[in-house]
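As structure tokens, here come the structures.
Across the two complexes that follow, chain A remains constant while its partner is chain B and subsequently chain C.
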Partner chain A sequence: MIVRKLRFINIINIINQFWGTSIACEMEYPINLYIESISVIGNLAGSILILKLLFGEGQELGGWDWARSLIVLGFYTLLEGFTISLLQPNMKRIVNQIQDGTFDFVLLKPIDSQFILSLRIFSPWGIPSVICGVSLIIFGLSMINWSLSLLLISYTIILFLCSLIILYSIWFIVSTFSIWFIRVWNANEVLRSVLVSGRYPISSYPPVLRTILTFVLPVAFLTTFPAEAILGQISYKILILAVIFSVLSFFASRIFWKFALRFYTSASS
Partner chain B sequence: MTVIRRYQVNIISFLRIIKALIVSQYALMLEYRAEIALWALSGLLPLIMLSIWSQINTDVTSYLQNIDLTKYFMSAFIVRQFTAVWVIISFEEDNLKGLISPYLIQPVNPFWRYLSSHIAEQLTRVPIVILICMLIYFVSPNMIWLPNIATLLLSLITIFGAFLIRFLLHWNFAMMCFWTDRASGIERLLLIPYLFLSGLVAPLELYPETLYKLANLTPFPIILSFPAKILAGQAVNVLNGFLIITFWVLFLTVTSTILWRLGVRHYSSMGA
Partner chain C sequence: MSVMSIISVRNLSKNFRVSKKEPGLIGTFNHFFSRNTRTIRAVDDISFDIQHGEIVGFIGPNGAGKTTTLKMLCGLIHPSKGLVNVASYIPYQRTSSFLKQITLVMGQKQQLIWDLPPMDSLRVNASVYGLSDTEAKNRIKELSEMLDLGEELYRPVRKLSLGERMKAELMASLLHRPSILFLDEPTLGLDFNAQVRVREFLKSYNKKFQATVLLTSHYMGDINFLCDRTIIIDKGKLFFDGSLKELTSKLSPFRSVRLELTKPYTSEYFSQYGELVEFNPYYVELLIPKTSLTERLSLLLDNLPIKDLEITDPPIENLIAKMFTSNKDVL
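== the complex of A and B ==
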């Protein structure tokens, strides 16, 4: 089968079509905007309350003070928005398509299947999370003596992009398992429940768990490292490590997907 | 005389129906045991919170000094396992697929169908949770303890009471499906007070005074904190707790009956 090389202009055009239709679809349920907003604000208020309780007992959380912990929480909320908007709806679609057999139509299209599966849907309901996350980061920064520096901002952007890629790769690898196991929807819930640990700085966990959350399940790369970057506490080593890690995880997802496709036998066959 | 006899027959046949529902749902759930194992694993939150709380240096005067945090959060983990409720999601799905119509024709209220499927799922979870506990024991032995028989029995009863309250609460909101296509958003909203007012992520006693009182006005502490404390062997007012459980079960039964009657009257099948 011929898979055409994607040209940049084509990509923009396709994404425009994809997201335009999916947003139009979601707009049919405008009440979801209120539900999502309440949900985001409620969750955030709850998380801040718990953080406050943790600080009420001890004066610090693994060496992080109140303002800096809020920044970690901000990055977590930001990533959650990304998850709600892109990862979750597309993942749900992959699982459904493989179960129903409509996945065949994806493979028949002259376009890279991983591309179409990962970016087919954009759900606008993650936007409240993104707004809240960014505001929380700015609020946290305003509480400390933070001065704008282009260097720090660029480090943060690099590390945040790395965290997006790592998060995406993990999700996509889990989704890929549905080629064999079909209903992997709850494998995802397990993943989500572990990722919740990203709400708090990695150093607030016991040492063993810290190692696991850095190297086995890279939660540290998702929230703690971008927060350290914006605070200017990051070392070059971590920066390079994050870039290598994200590239590796992306290629891992790619190779695993190609491998899994060989086992796809369509529904009912 | 005949009236009484018919009534008795009805009770017996009703029990037979419930038994049949539970047995068949149990068989169905066994089919999905791998999936249920994953659901069980996804309830890790109390253990994550435990690992953070255990790292905090507390004052001697603090509430945390007087309770066994490990026992509390482990109990919360177990209570949460057996109070899992997803009735809004399945009711919405069945409603959208038009399955409610045939259920309505049957001589038993669909409520019992959903309730028995939840109970069957919990039965399937028992060996899974035991396995997880054994795994935890293997990794860190001091996190597992054996409660005495009296505590265990009392916990079983309170956990079931807690489950019943949570199920009825969700059932009340599932009735929204009669008026709207998408009720699952409500479930997301219900999750928030459940997370933060039930004592799942922190012992409620640490909360500010007003918030603590406010939480106790909702059914959430009784759904998690109360059975978890009993299982952890903390001193609690058992009688008071049972009165609250009875109150919520009765209250939610009445409201859900009213909503059900209104909803069925409003119901117009999918696509009609």
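== the complex of A and C ==
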């Protein structure tokens, strides 16, 4: 038990060092910091404006009214925050490190390589999105006189964690392909554009697309399902399905990673 | 496999598939649609053992397979054939207890965070290797004294000189106190003073912690100073395994004799003693076969007014370069 505790403290300590140094790196270039801040604010303003254009008062989109659609957008923005802070910088780094050969140093560390690659960088630029996402959700809920329910909140948290894990696993699998093809950054960009479809409720898409976005590219799991959960519109079946799906996708990413490492040839000196 | 050896390599081979591309747009187009691949053998059936605490030099021309071998030894790539055993581990399994015992330093790649001072990278590594704060502090202090690094540890890496950066890189690679060091051209690009510093540090690290070192370098100075034993490979094959002295005597059955004279002589006079390398009326350099060195030297001493005499082996760089370009049957 003591050993376990120590290990947990160790992991916290490692993440602390990883994220501390990556934030310090961002701070080394103050001008870049201002430019990034402006870009984050501009992006968010754009998102809300598009939604506002799509909805007039009293109009509906796939059975979702303005307030409830804001909640979906809130979850999307929240997810985007995590993407900007963690997924994007780390996955980009995998591709770069494999290309320039510094990936060797990752493989020579005595801790899990997937752990290092997934959590090495924390970029603070996702934080505004996380704050705005949460604010949008709260704002949407207040518009429909939502009453506080701990059960619904815990459902929502579970579903959102599942959505994070699913998104992470898909992204990690795509990045893993760089072991063979070296440059797969474009594939990541395609993935990112598909995810944008999660901005709007899944039922606002035609039936065929809806099926694809639920089961092939699990965009529905990412934003619509957590939004449905907090609105109390979700069955426990979906909850169980999401948990199973996320666990499976996580293990798939791990197995695929271990498999891919056998083919790593290391860049020449 | 001998019981004592800490590194054991048996019939090790590694094949790579490489693709060939013709230059120009058409070449690129063809290359994109049908890759012309062929298999090259980077390492070809090599075997050797290294004992605990040894410093072994690993030399050969560019592309000889040195780095590939090092990478197989530290588990970065899987061998195509053969067995590798390092400290009783199979390297490519990369167990954490194995990785805690080894380190790889590459002169051309760095793990230090470019924008931050080395101290930050050191703290990251300390946490990754699970060192406590006090442990990390003590080791940083110890290594920085050995390497003569002070306030450089608090300056961004991008503002350090190449020599300082290499020293900091060594610190980051040795913080976990590995007992087996794989060094791939650690002195690459360094000026003479920095090279000497790094060499001396490696020797003292080896003494202090009884570490085993396998080192590649293109500078014979490194090998001469550090290694009692040298392994030479070329085109993936092992050509020599022994001391540099042994290599010299095998490669060159001559010794170089330099004479300074008090009276001028003509060059013809010396042809009876050996092969003339350099000549001016007061200074002569001769290559004399080792077998007849003693008798010819005594003749020279008897017959000539010699002011100064020096006997050395011909420079090792020249011998090795000659070996790689000419036939290698000498070994």
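As a working rule, the second predicted complex is superposed on the first by the 247 of 269 C-alpha atoms of A that agree within 3 Å, B and C clash if a C-alpha of one lies under 4 Å from a C-alpha of the other, contacts with A are read in each partner's own complex, and residues count from 1 in each chain.
The rule we apply is simple: contacts are C-beta pairs under 8 Å (C-beta built on N, C-alpha and C of every residue); 3 or more make two chains touch, one makes a residue touch a chain.
The structure displayed is predicted, hence computed values, not measured ones.
Q: Name the contact category of A:Asn10: first (chain B only), second (chain C only), both, or neither.
A: After superposition on chain A, A:Asn10 lies in contact with chain C alone.
Q: Who does A:Ile35 touch here: chain B (first), chain C (second), both, or neither?
A: Once the two structures are laid over each other on A, A:Ile35 reaches chain B alone.
Q: For A:Glu189, is the partner it touches chain B (first), chain C (second), both, or none of the two (neither)?
A: first
Q: A:Phe105 in the overlay: touching chain B, chain C, both, or neither? Say first, second, both or neither.
A: Touch status of A:Phe105: second partner only.
Q: Is A:Ser204 touching the first partner chain B, the second partner chain C, both, or neither of them?
A: A:Ser204 contacts chain B only, not chain C.
Q: Which of the two partners, first being chain B and second being chain C, lies in contact with A:Leu53: first, second, both, or neither?
A: Only chain B; A:Leu53 stays clear of chain C.
Q: Residues on chain A in contact with chain B in one complex and with chain C in the other?
A: 29
Q: Where on chain B is chain A touching in the complex?
A: 35, 38-39, 41-45, 48, 51-59, 62, 64, 180-182, 185-186, 188-189, 192-193, 195-196, 201-202, 206-207, 211
Q: Of all residues in chain A, which touch chain C in the complex?
A: Residues 10, 13-14, 16-18, 20-21, 24-25, 28-29, 100-102, 104-105, 107-111, 116, 262, 264-266, 268-269.
Q: Write out the stretch or stretches of chain C touching chain A in their complex.
A: On the chain C side, the touching residues are 16, 67, 71, 74-78, 94, 96-97, 99-100, 102-104, 106, 108-111, 113, 115-116, 120-121, 123-124, 126-130, 156, 176, 184-185.
Q: Mind pulling up the chain A residues that touch chain B in the complex?
A: Counting only chain A, the residues touching chain B are 29, 31-32, 35-36, 38-39, 42-43, 45-46, 49-50, 53-54, 56-58, 61-62, 183, 186-187, 189-190, 192-194, 196-197, 200, 204-206, 209.
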